[in-house]
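The structures considered in this document are given below.
Two complexes are shown next, each including subunit A; its partner changes from subunit B in the first to subunit C in the second.
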Partner chain A sequence: MFNDKNSEGAINRIKDLINSSPIVKKIKSTKIYKKYEWRSIIYILPVILVLAFLNFYPILYTIYISFTNFNTKFFYNFYFIGITNYVYVLQTNALYTIIENTLVWSIGSTIVMVPAGFILALIMNQRGLRGKYLYRSMFLFPWAFPAFITILIWSNMLAFNGGVVNEIMNFFGLKSIAWLTSPKYAMISLILVNFWLSFPYYTFVYTSAVQSIPQELYEAAEMDGYGSIRTLTSVTLPLLRRQVAFITIFGFIFTWNNFYVPFLLTSGGPGISTQILITYSYQEAFSFDNFSLAAAYSVFSMLILLVFVVVANHYSKMMQVVY
Partner chain B sequence: MISMSKDRESGLESRFHDSPDRNKLKVFLVIAVSALFIFGGLLVIFDKPVSNNAPRFIASPASGSSVTITVWGSGSPGGEANVFNQTLASFEAAYPNITVTDSPAINVASTTFTSAAHAGTAPDVYRDTSDNAGALFASGSVLNLTTYLNSSYVNSFTTGTISDWTLNGGLYGIPINTNGVGLYYNMKYVKKVPTTVNQLILCAENITEKHLTAGGKPVYGLPYGIGTDSGYRSAAWFPAFGGAMFNSKELPVLNSQADINAISFLYNLTYSYKVSPQGLTTMTDQEQMFEDNQSAFMIDGPWDQALYTQYLGKDLNVTSLPYDSATGHWARPIWGSVGYLISSPQASNINNHQIWASLKFIEYMTNYTAQKNLFIQAGDFPSLISVGNFVKTDTAQDPLAAGWIAQEAHTQIQPSFVNMNYYWPNFHTYVGNLYDNGTNNVSSTMNAFQNAVMSEINQLNAKPTTLSAIDYEIIAAVVVIIVVAAAAYVVVLGKKNKKQ
Partner chain C sequence: MQSIEMNKNELKMKNEDYDIFRKNNYYKRIKIVKRIVSHIVLILFSIFSVFPIYYVFITSLNPIGSLGDATLRDLLPTASSSLSNYYDILFRHPFLLWLRNTLLLTATSTLIGLVVAIISGLAFSRFKIPAKHALLYTLLILTLFPFTMLVIPFYFMFAQLHLLNTFIGLIIPYSAFALIYATYLIKTYVDNIPKDYEEAAQMDGLSRRGALFRILVPMAKPVIIFSLIVAFMGPYTDYALAGQFLTSSNKFTMAIGMYYISQGTITINYGAYSAFAVLMGIPIFIVFFVFQKYLVSGFSLSTYK
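On to the complex of A and B.
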C-alpha cells in the first residue's frame, strides 16, 4: 500500500511545510538557533527527566514546604507562612553547636581520609612493590561490606562495657573510655569509623588518578636524578593538583551530608555533641513530624554547603576536572 | 621534560576552556537547569493533596460481593504474631467476604505510615502505640471511631485504655492490650520487698556494698542508665516526687522542682548511691546484668518477663514501684497500650465497605478470645474488662501476676496529645547528656529540656512571620549586597574578558 519513495516524499513535503512557516523561519533566523546544536538535547533528555523526578522535584518541594507550616497539626491543610521557619532556625540556641559539629565532622573526616587515601595510593603504585593485588583486595574489604553492618560492629567494639577496644585497653592497664557516650570522645569515634568506611574509596580514586600520569615523566625525573620526595612534589602533586582539589571538596560535601554514621552510632548524642545538620533535620521530620522546619534546616544546610563549594571552586578550579 | 609537560597541560587547558564545545555545554546546562526548575515548579504547583470527605455512615457490602482491606502490623515476632495469625485465620473463616492483606509488623513504623498517609496510600488498618497514633489522629490521618461504635462496646474496655486512645473527645483506636513497667527483683538478693523510695535506696545500697566487700563479681542494687532511656521508665518517678510531664493545658512542666527532684534521684542511683554502674549504654546491658544475677532490681515491663523467667526461674518476682514517704505519692509508670486504628479517607482512600470491614476486623482482633490468647501466649495484659477479670481470678496464686495487678493500681495514663511527641527525643538528648557527663547540673538540664519541648510546641503553631521594619531593612540590605556583588562580579569579569 505504501512504498518508501512515497512516504519519503510525504515526509519531505511536511518538512518543507514546517520550514516555510513564518514562525519557524523567525526562530531559525535567531542567533541562538544558528549558534547551538539543539538536537543534541534529545540525547540528554532521559537523564534530565530522571534527575527531574529524583532530584530537582524533591529539592524544589523541600524549598516549597520550608515556607509552609507542614507539620502534624497542618498535615493536609498546610499553608504558606513566609520565612518563619528560617527565622526559627536562626533563633535556635543549638544551631551554632550543630553547625560547629557539622564542620568538625566534615573537616575532621576529610583531613583524615583524603590524605590517607592519597598516601596509600602512592604506596600501592610503587614500582616493584610485591603483593600489590593482595593489598588492593584487602583494602577493598571495609568498603565491600555493607556499611550498616560495619557500623553495628563498630558500635559493639566501642561499647563501654565489654567492647573489644576497651577490653584491649584494660589488658594494657588503661582505663575504659566511653567512646560513644562521652561528649569528649563521641565525635572522634565517629570520625574514626567514617575513616574506616571511606579510606578504600579514596585510595582507589587516587590510584586511578596516579596511574593516569604518563610513566615517561617518572622516567625523566629519574634520569634527572630526582629522589622520591622531589618526584612527588615536582611531578605527581602538580599533575594531580585539580584531582586532589576535586576529591577533597567532593569528600567534604559527601561527609557533610553523610547521615548514617552519626545516626547509627550516636543518634546525635550524647546531648547534641554529635548532632549535625542532616541528623537534626531528620529528627525534626521523623521524630517531631515537623516537616517544614526539617525542610528549612535542609535548605539552610544546602546553602552553607553551596557557599563553601563556590568559594572552594573559585580558588581550586576543581570543576575543571569535570568539564 | 617537566616544563614541557606543564606547557602541554596549560595549552590543553586553554584550548579546552575557549572551545565552542565548552560554550555549548554551558548553554545546555543553563537551559537544562532552567527547564528542570520550570518542570519541577509545575510538579510542585500541581501536587496538591487529595481531599475527600469522610463518610458518616457505614454499610456492609451487598450479599455475594467481597471487600479487601490492607493491614499493617501483626505484633512482635513470637507470641503476638502467632496469636495474630490464629485470630486472622478465625476471622477470615467467620467473614468469608472480607479479604485481609497483611504486612508483618517488622519495619513498619509510624514514620512509614505518615509518608504513606500523605501520599494517600496508607493501609486501611494499622497497629501502633497509643501515643504515636495520637499524633496520627491529630494530623487527620486516622478515623474518629466515636461515630461508628456504640457506647456499650466501648465501655467493655478499661477506662484507662480507652483514655489512652482518646484525644479531644474523639476515640481513634481500639486497644488490644495494656502495659507499663514494674519493679522486678531477684529473690536471691532481696529478702524484704521495699515499698518506699528510701527503702529501695537502702536495700540497693546494702546489696551493692555487701558484694563489693565480699569480693568476686560485683552485684549492683539497681542498674539504671538514664542515658539509655527515652524517658519512658523515668516518667514514672515524676508523680512520686509530686511532679508530672505535662500540666492540664498540655504544656510541659519539666523544670518544676518536683521533676528536678525525680531526675536527681535517678541520677544519684549512679553517681551518689552508686547502686548502678557508670557507662551503661544500652537497655540490653541492664537486662543482661539482671539475667546474670549481677543486679538485684530491674525496672522493666512484662515484654521481657519470659526471658527473665528463663534465667532466674523461681527467684524472679515483680512488685509495684515504691512511693516517696516525703510526698506520700506513688511512682506511677506510664500505662500505655497498643491498638488498632482505621485510616481516614484522606490517608488511604478507604471506602464505606472497607470501613465496615475494618471495624469488623478490629472488633474481632480485640475480642475476648484474642486477648485471652495474647495474655496466655505473649504475656500481654488485656484491655477488655472481662479478660482482666479472668487474669485476676485465674492467676491469683501467681506471684508475678499479683505483682502486676498491684502495679496497675498506681499508674498514669499515657498522654496521647501531640506535645508528648516532643518529650521522647528531648529527654534522651538532655537527660541522657546529664547522665553521660556526670555533671550533676540537673536543674539547668531540666530547664534546657523544658525549653526544647516548649520551642517545638511553639513551632507547631507557627504563624506567618510579621516582619517588623528592622526585618525589612535587613532583608533589603542583604538583597542590595547580593545585587551589588553580582554586578561587580559581572563588570570585573567583562573587563577581564575584554583584556584577553
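On to the complex of A and C.
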C-alpha cells in the first residue's frame, strides 16, 4: 500500500522538523539530557507500567477504600466516611493482640532461622568436611518441595489424632499435645514449621555469602594462630556485616508478610491467638466481606513496615548491598 | 660453664618442642571434636529436613482411610503398600484437569515475566536510565507490600475489567510479580559481570544492543535459571489470588484443589491426598535438584563488597 521510500522520506522529514524546532534543540543541549540515555526507557517500559498499574494504583486504592464504608451492605453505593475505620480498629482490643502476635511470629521466626542458617553455612564451609554435598542435598528438601504442600503436610503431622508427631511422642510415653488447637502451643508450632521451611534458604544464602570471602584471608588468619571463634569475629562477621543485616532485615519483613503458614496451619485460630495482620486482613475481606476494614488493617501493616525499613536502613546501611 | 649453658639452651629448646607438640596434639583433638559435633548437627538437621517428605511419600503408598486411622506402622512399607492411591487420584478425581490448568497458567506467566525481565534487567544494569536509582529503590520497597494484600484491590480492578474467573486475569498479576522480582535479581547479577566482554564484542563489529543481548544473556544463565525457578513457584502454589478469582470448578488449579481437600470441602482418602501432594511436589523437586548449583551462584548478594 505504502511506497517504502516515500514513507521513509516522510518519517525523515518529520524527524528533521522536530529536531530543528528551537524547543527540542534547547532541551537537547541541556546537561540532564546529555547525561542519560533517554531512549533506553523503552526497555524498562513494562516495569514502569507494572509499577504504575499493578502496584501504585492498587496500593492507593487500598488506602482510599480504607476511608470508606465499603462492605457487603454498601457494596454498590459506598461513600467516604473519614477515619471511622481507623478509629474503630484502634478501639477494638483485637488490633493489639494481632500486632503482638505478628511481632512474636516474625521476631520469633527470625531469631531462630537466620542464625541457624548462618551457623549451618559456617559448619558446611569447613575445609575438608566429608559429605558436604550430601548434606546440602538433604537440606534442599524443605526448600524444593513447594511450601504450600509441605505446610499442609505439617498440619497433618501435627494433628492431635493420628498426627505422626503425637504418635511418636506416645511411643516414648509422652502425652499427646494439641499442637495446633491450643493457644499455648499454636504459635510455637507455627514458628517450628516456618523454621523447617526457611532454614535451608538461609543456609544457601549464607553459604554463597561466606564462599565469597577470599580464601587468603582465612589462611592469613590461620597463620596468625587465630582460633575458629576469633576468625569468625574478626574476619567473617566484619566482612559480611552488611549482608547479614540485609538478609536478617529482609527475613523479618518476609516473615511479617508470610501468609500461608498461619493461614493454612491454624487459619488464625484458636480464637485469634495466631492471627497476624495479613491473615486477619485477608479473612476480614474474604470471609466477612468487610473490605474497608480489611484495607485499614493492610494500611496499618504497611505503615509499620515502612517505618521499620526506614529506621533499619538508617542504622545498618543495608541498602548499600544492593547498589 | 659454657657446656652447662648450652645444655640449658638445649633443654629449653626441647621443652619448647614438647610444648609445640602438646599444643599440636591439643589442636588436633579439638579439631576431631569439632568434626564430630559438626557431623552430628548436620545429620540431625538432615533427618529433620527429610522426615516430612519421607512421611508424605510413605503414606501415599499405604492404604490409609483418614488421618485418624494413621499409626506409626504406616511409617514403614508394609505388605499392603501399593500404587493404588496414585491410580485413585489420577483417574477418579479431576487431578489431570487441575494439572493442565496449573501448567497453562504457570508456564505462560513465567515465560512472559522472564522474557521482559531479562530485557529490563540488562537495561537497568547497563544503560544510563534517567531516575534509575529511584526506580530500583521503589522496586525494592514495593517487595515489602505482600502479594496477599493486593488481592483486595486486584479483585475489584479485575472485576471491573470483567477478567475474574478467566486465566488472563491471573496471568497478568502473576507475570507482573515474576517480572519485578526477576528484573531485580538479573540486574544485580549482571552488575557484577565486567564490561570488557561487551566492549570486545563491540570491537568485533556487533551493535551495542547485539553485544548486550548476545553476550550477557548466556553469561547470566545462572541467575536466569534461578529466577525461572522462583518465578515458577509463585503461580504454581498460589492460593490467595487464584482461590478468589477462579470460581468455576473446571478452572481450578492444583493449589485450590489441595486447599479444598485439606478443608474437607472435597472428601478424599488420606492416602490419595498424600499421593496428590507427592505428585504436585515432585516436578518442582526434580527441577531444584537438577539446577542445584545455580541456587548458590544465582545469588548476587554473595558478591563481596
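A few notes on this one:
We adopt the following convention: the second predicted complex is superposed on the first by the 278 of 323 C-alpha atoms of A that agree within 3 Å, B and C clash if a C-alpha of one lies under 4 Å from a C-alpha of the other, contacts with A are read in each partner's own complex, and residues count from 1 in each chain.
Going forward, contacts are C-beta pairs under 8 Å (C-beta built on N, C-alpha and C of every residue); 3 or more make two chains touch, one makes a residue touch a chain.
None of the values given here were measured: they were computed from a predicted structure.
In the superposition on chain A, contact of A:Ile11 is made with neither subunit B nor subunit C.
Of the two partner chains placed by superposition, only subunit B is touched by A:Asp224; subunit C is not. In the superposition on chain A, A:Thr62 makes contact with subunit C only, while subunit B stays out of contact range. Of the two partners subunit B and subunit C, it is C that touches the larger number of subunit A residues.
In the superposed model, A:Ser273 makes contact with subunit B only, not with subunit C. In the superposition on chain A, contact of A:Tyr76 is made with subunit B only, not with subunit C. After overlaying the two complexes on the shared chain, residue contacts for A:Pro183 are found with subunit B alone; subunit C is out of touch. Legend: residue contacts after superposition of the two complexes on their common chain; A:Val87 is shown touching subunit B, with no touch to subunit C. In the overlay built on the shared chain, the residue A:Ile41 is in contact with subunit B and with subunit C. When both complexes are overlaid on chain A, the residue A:Ala209 reaches subunit C alone and has no touch with subunit B.
Taken together, the two complexes place residues 36-37, 40-41, 44, 48, 51, 57, 59, 61, 159, 161, 214, 239, 286, 320, 323 of subunit A in contact with subunit B and also with subunit C. Those residues of subunit B that touch subunit A in the complex are listed here as 1-2, 5-6, 9, 13, 16, 22, 24-25, 27-28, 31-32, 35-37, 39-41, 43-44, 47, 49, 51, 111, 114, 117-118, 135, 138-141, 227, 277, 279-282, 285, 346, 418, 421-422, 424-425, 428-430, 432-433, 436-437, 451, 455-456, 459-465, 467. Across the complex, subunit C meets subunit A through its residues 34-35, 38-39, 41-42, 45-46, 48-50, 52-53, 55-56, 66-72, 75, 116, 119-120, 122-124, 127-130, 133, 135-142, 144-154, 156-157, 172-173, 176-177, 179-180, 183, 188, 233, 236-237, 239-240, 244, 255, 258-259, 262, 270, 274, 277, 280-281, 284-285, 288-289, 292, 295-297, 299, 301-305. By the touch criterion given at the top, residues 36-37, 40-41, 44, 48, 51-52, 56-57, 59-61, 64, 69, 71-73, 75-77, 80-85, 87-88, 92-93, 159-161, 176, 178, 180-183, 214, 216-217, 220-221, 224, 234-235, 238-239, 267-273, 275, 283, 286-290, 292-293, 320, 323 of subunit A touch subunit B in their complex. Residue ranges on subunit A touching subunit C, taken from their complex, read 32, 35-38, 40-41, 43-44, 46-48, 50-51, 54-55, 57-59, 61-62, 65, 120, 123-124, 126, 129, 131, 135-150, 152-157, 159, 161-164, 167-168, 171, 196, 199-200, 204-205, 207-209, 211-214, 228, 239, 242-243, 246-247, 253, 257, 259-260, 263-264, 278, 281-282, 285-286, 291, 294-295, 298, 301-302, 305-306, 309, 319-323.
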